[in-house]
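Here come two complexes built around chain A, the first alongside chain B, the second alongside chain C.
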Partner chain A sequence: MPDYLETTVDKFIFKVVTDRLYSPEGVWALADGDRIRVGMTDFLQQLNGDVAFAEVKPAGTTVAAGDEVATIETIKANVEVPSPVGGTVVEVNPAMELSPEAINQDPYGEGWLVVIDAPDWPKDREALLDPQAYFELMKGQAEDEAKKL
Partner chain B sequence: MTEPYDLAVLGGGPGGYVAALRAAQLGARAVLIERDWVGGTCLNIGCIPTKALTTSTELLLKSRRAHEFGLAISTAAPDLPALMEYKRGSVDTLVGGVEHLLKRAGVTLLRGTGHLSAPDTLRVQPDAGDAISVSAGRVILAPGSITARPPIPGLDLPGVITSTEALDIPDVPARLIVVGGGVIGLEFACIYEALGSQVTILEMMPTLLPGATDEVVAQRLAILLRRRGMGVVTGAHVEQIVSSGDGLAVTHRDAKGVLSRVEGDRVLVATGRWPNTEGLGLAEVGVKMNGRAIAVDEHLATSVPNVRAVGDAVGGMMLAHKAMVDGRVAAENACGGSRTVDYRSVPNVIFTRPEVASVGLTEAQARQRGADVKVAQFPFSANPRARILGETDGLVKLVCEVGSGVVLGVHLMGPHVTDLIAEGALAVQLGATADDLAWTTHAHPTLPEAMLEAALGFRDATIHFQRR
Partner chain C sequence: MSPDESKVVVVPCSGIGKTYGTVSREAAYEVTEDLRPGSTGLVALSLLVLGDADARAAVQAHPAVTIDGCKLACAAKMVQESGGHVAQGIAVLDVYRRNRELKPQGIAELNEGGILLAHAVAQEITAVVDEVLAGEEGPTHA
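Moving on to the complex of A and B:
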C-alpha cells in the first residue's frame, strides 16, 4: 500500500492513502495522465459493510462529475457512488462481478471500480480534496457516525 | 361406438384433467382419454419429479451446513437408488390422487391414444384390443407438449439426453453440459450441481431465463451461479455435439463468431417445448393452427364449433397452472358459460438455488408499453427470517406505475420466493398499489416482510435498509 494517513475512531481504524485526490463523498481519483482510476475510500466501505453486489456503469458510459458511476449493494445499504470526474468510462474492474468483496478487502487497490477518460481533469481536480483535507473531513464524518452507534 | 358423452377431453395433464373435473362438477357426463398416465408431463416427467429432486438436493446442501445451525451431522451424501424411489413415490402418490378425484367425480377414464375423426368424434386405440369411437357433444383438446428438438447435429449421440432422461439418475456425471439456460435447464443444472457435477450452461440469448423474469434478476442469478463455480455462457449459439474421447464436446459460437468448445460427460438439451399437435386429426376436421399451436380465441374456442383447446397445445406460456386455468375456462364454456381467459396474474416460478419467481410486467416490458415506471427493490440480506435461514442471496423488485403506485410486476429471487409470488400475483390481479402492500401488515419475522419493505421503497420510506 502507498503511504497513508490513519485515524482511529471508536474501535474502527480508517486509512487515507496520500497518492491521490478525494471527493467529499468518499470517492477517490488516481490520475495516470487524464485516465482517472476511481474507487471507494476505506471509510466509505467500512461505513456500509460487506459488499454483496457491485453494479458498475459499463465501458462507453459518459458521466458528468457527480453522476452515479456505480451502485454498491451491501448488507446494510444501497450506495450510489458519484463520479469524482466527468468523462467516459473506459475500463471496469472485472473482479466486481464475481468478487466485489475486493472493495472491502483492498479499497485503494484491487477494489477499484472504473477508469474514466477525463478530458477536463485539470479543471475537475480543482473541486477535489488533497489527502490531508479529505483526512480531516473524514475524521469529522467518522466521529459523527460514531455518535450514532 | 360408445354412448354419446356430453364432453370428451383428449389428454389427462393439468389442463385436461382439470377440465374433466370442472365439467363433472357442472353436471356433464365426461370422458377423459389418456394414452399414458393422468397428470401428463407435469406430474410424471416435469414439475413434480423435478421438485422431488430439488427438495432432496436442497436438504443435502443444507445438511452440509448443519454446523452453521448448531447441529452435528457427520455425513450427508446422496443415495441415488433411494432418491429415485422418493421421486417415484412423490409422483405415484399424486397420480393416484388425480385418478381418485376423477373416479369420485364420475369421469370415465379411457386409456388409449386418441385423435379427432369428426368434430364430435374421437377415435381411440387402447393399449390392447380394437379401436373404439367416442362421441361427445363437446370436445376439449389437451394434448400438451413435447420436448423441442433443435437442429443441432449430434442429438442422437449416447449421453445426450432430454429432461425426461435427466430425471433418472443412475450415476452422477462428473461434467454436465446444459444446452439452454431457461427454466428446465437451470433447474436441472442446480440439481446436478448439488449432486456433484461440474455444470456448464450454454444459453443462446444474452441473459439466462429469457422472457421468464426481469433482467436484473436474471443477471444476478447468473452472477450467483458463477460465484459457485458453475460455467454460465450467454449469447452462445450451439453448433454441434460430438464424441470426444470417453465423453462429449459441445461447440458454440459467440455473437462475434468466435468458436469455443466445452467438454462434458453428459449433455442435457433443454431448449424448450413444442405443442404436441401432430397425428391428432386436427387438419382433417379443419382446426386452424397458429404454427405448431392450436389457434384459439379468448374463450379457448377453436375454429371448429364445440371444439375447445387448452394448455401447452395452444402455445403461449407453457405452465401447468396456466393450463389448469385454461381447463376451468374451457370446461365452463363447454357447459354453457362464456368465460374469458385472463393471463395477467400467471406467475413464473423457477426452482433454482436461489429460487426465482415473477408475475406481471418486467421493468423493460412496462417501459416498452410507455408506462412511467418507478422501481422499488429490497434485498433479502436485510430480511431477518432470511438471515436466520442462512439464505440471504436475492431481492424483491417491484415495478410500479409512477403516481398511482399500481403494481405492474413483481420479480423475486431468494428463499421460498416460489411461494411468496402468490402475494405478487394477487396484487397484480387486483390492481393493488405499493401503498396497499405497504399498509398490509406482514407478520414478523417472515420472508414476506421483504415484500412490504420493497413496497415502502415506492415512497422512499424503506425502514430496514438505507440508501446513501
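Moving on to the complex of A and C:
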C-alpha cells in the first residue's frame, strides 16, 4: 500500500492513502494521464460493512461527475457510488463479479471498481479533495457515526 | 438434547440487532430443534464470551459448526479461544451470495427472504453435521 494517513475513531482504524484525490462522498480517483481508476475509500467500505454484490456500470457507459458508477450491496445497505469524474468507463474490475469482498479486503488496491477515460480531468480534479483535506473530512464523518453507536 | 450430550455443537453469531445475526440464529434453532435434534446441541456465543464453564466444556468435548454473520467471525474465533475445534465455519454472507434471490431484511422478524435464507443455511449446517458424524469432516473456514 502507498503511504497513508491513519486515524482511530472508537475501535475502528481508517486509512487514507496519499497518492490520489477524493470526493467528499468517499470515492477515490487515481490518475494515470486521463485514465482515472476509481474505488471506495476505507471509511466508506467500513461504514457499510461486508460486500455481498457489486454491480458496476459496464465498459462503454458514459457518466458525468456525480452519476452513479456502481451499486454495492452490503450486509447493511445498498450503496450508490457516484463517479468522481465525467467520462467513459473503459475498464471494469473483473473481481467485482466473483469476489466483490476485495472492496473490504483491499479498498485502495484490488478492490478498485472501474477505470474512466476522463477528457476533462484537469477540470474535474478541481472539485476533488487532496488526501489531507479528505482525511480531515472523513475524521469528522467517522466521529459523527461513532456517536450513533 | 443439551450441548454436553451432543455429538456436534452448533454455535451461531450473537449479532443482536443485525439481520445476518438473526439469520444465523434462526438457522441454528432449525438444526438443533427440528432437523438434527438428537445429534446436535446449541451453544450460545454469549456464554463462551463470558467464559461459562459448561459452554466451554461443550465446545472442548465436541466438534463445533459455527455460523457467522460477518467477517469478524466471532463465533469461530470464540470456539477456538475456548479450546474448541471448529469442524466447519459457515458464513451467512457466502450462502446469500449463492442464493441472491433470498435477500434478508428485518431484525426481530425476518422477511420471507431471510426466513428462506435461514433454511438454506440450516441445510448446509445439516450437511456438515452429517459429514462430521460420518467422519468426513469438511475444511474449516469462517
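In the analysis below, the second predicted complex is superposed on the first by the 149 of 149 C-alpha atoms of A that agree within 3 Å, B and C clash if a C-alpha of one lies under 4 Å from a C-alpha of the other, contacts with A are read in each partner's own complex, and residues count from 1 in each chain.
Assume contacts are C-beta pairs under 8 Å (C-beta built on N, C-alpha and C of every residue); 3 or more make two chains touch, one makes a residue touch a chain.
Small disclaimer: the values here were computed from a predicted structure and weren't measured.
J.: After the alignment on chain A, I want to confirm one thing: do chain B and chain C clash, or do they fit together?
T.: clash
J.: Tell me the contact category for A:23 with respect to chain B and chain C: first, second, both or neither.
T.: Touch status of A:23: no partner.
J.: Look at A:52 in the shared chain and tell me whether it touches chain B only, chain C only, both, or neither; answer first, second, both or neither.
T.: In the superposed model, A:52 contacts both chain B and chain C.
J.: Could you tell me if A:104 is touching chain B, chain C, both of them or neither one (first, second, both, neither)?
T.: Second partner only, chain C.
J.: Does chain B (first) or chain C (second) touch A:80, or do both, or does neither?
T.: In the superposition, A:80 touches chain B alone.
J.: Which of the two, chain B or chain C, is in touch with more residues of chain A?
T.: Result: the larger residue contact count on chain A belongs to B.
J.: Quick one: from 5-13, 59-67, 77-85 or 239-247, give me the piece of chain B that collides with chain C in the overlay.
T.: 59-67
J.: Which residues form the common part of the chain A surface touched by chain B and by chain C?
T.: Touching chain B in the first complex and chain C in the second, residues 52-53, 75 of chain A appear in both lists.
J.: Going by the contact rule at the top, pick out the chain C residues touching chain A in the complex.
T.: 18-20, 69-71, 93, 96-97, 100
J.: Can you list the residues on chain B that touch chain A in the complex?
T.: 220, 223, 226-227, 377, 379, 381-382, 392-393, 465-468
J.: In the complex, go through chain A and note every residue touching chain B.
T.: So the residues of chain A in touch with chain B come to 48, 52-53, 73, 75-80, 97-99.
J.: Which residues of chain A touch chain C in the complex?
T.: 49-50, 52-53, 75, 101, 104
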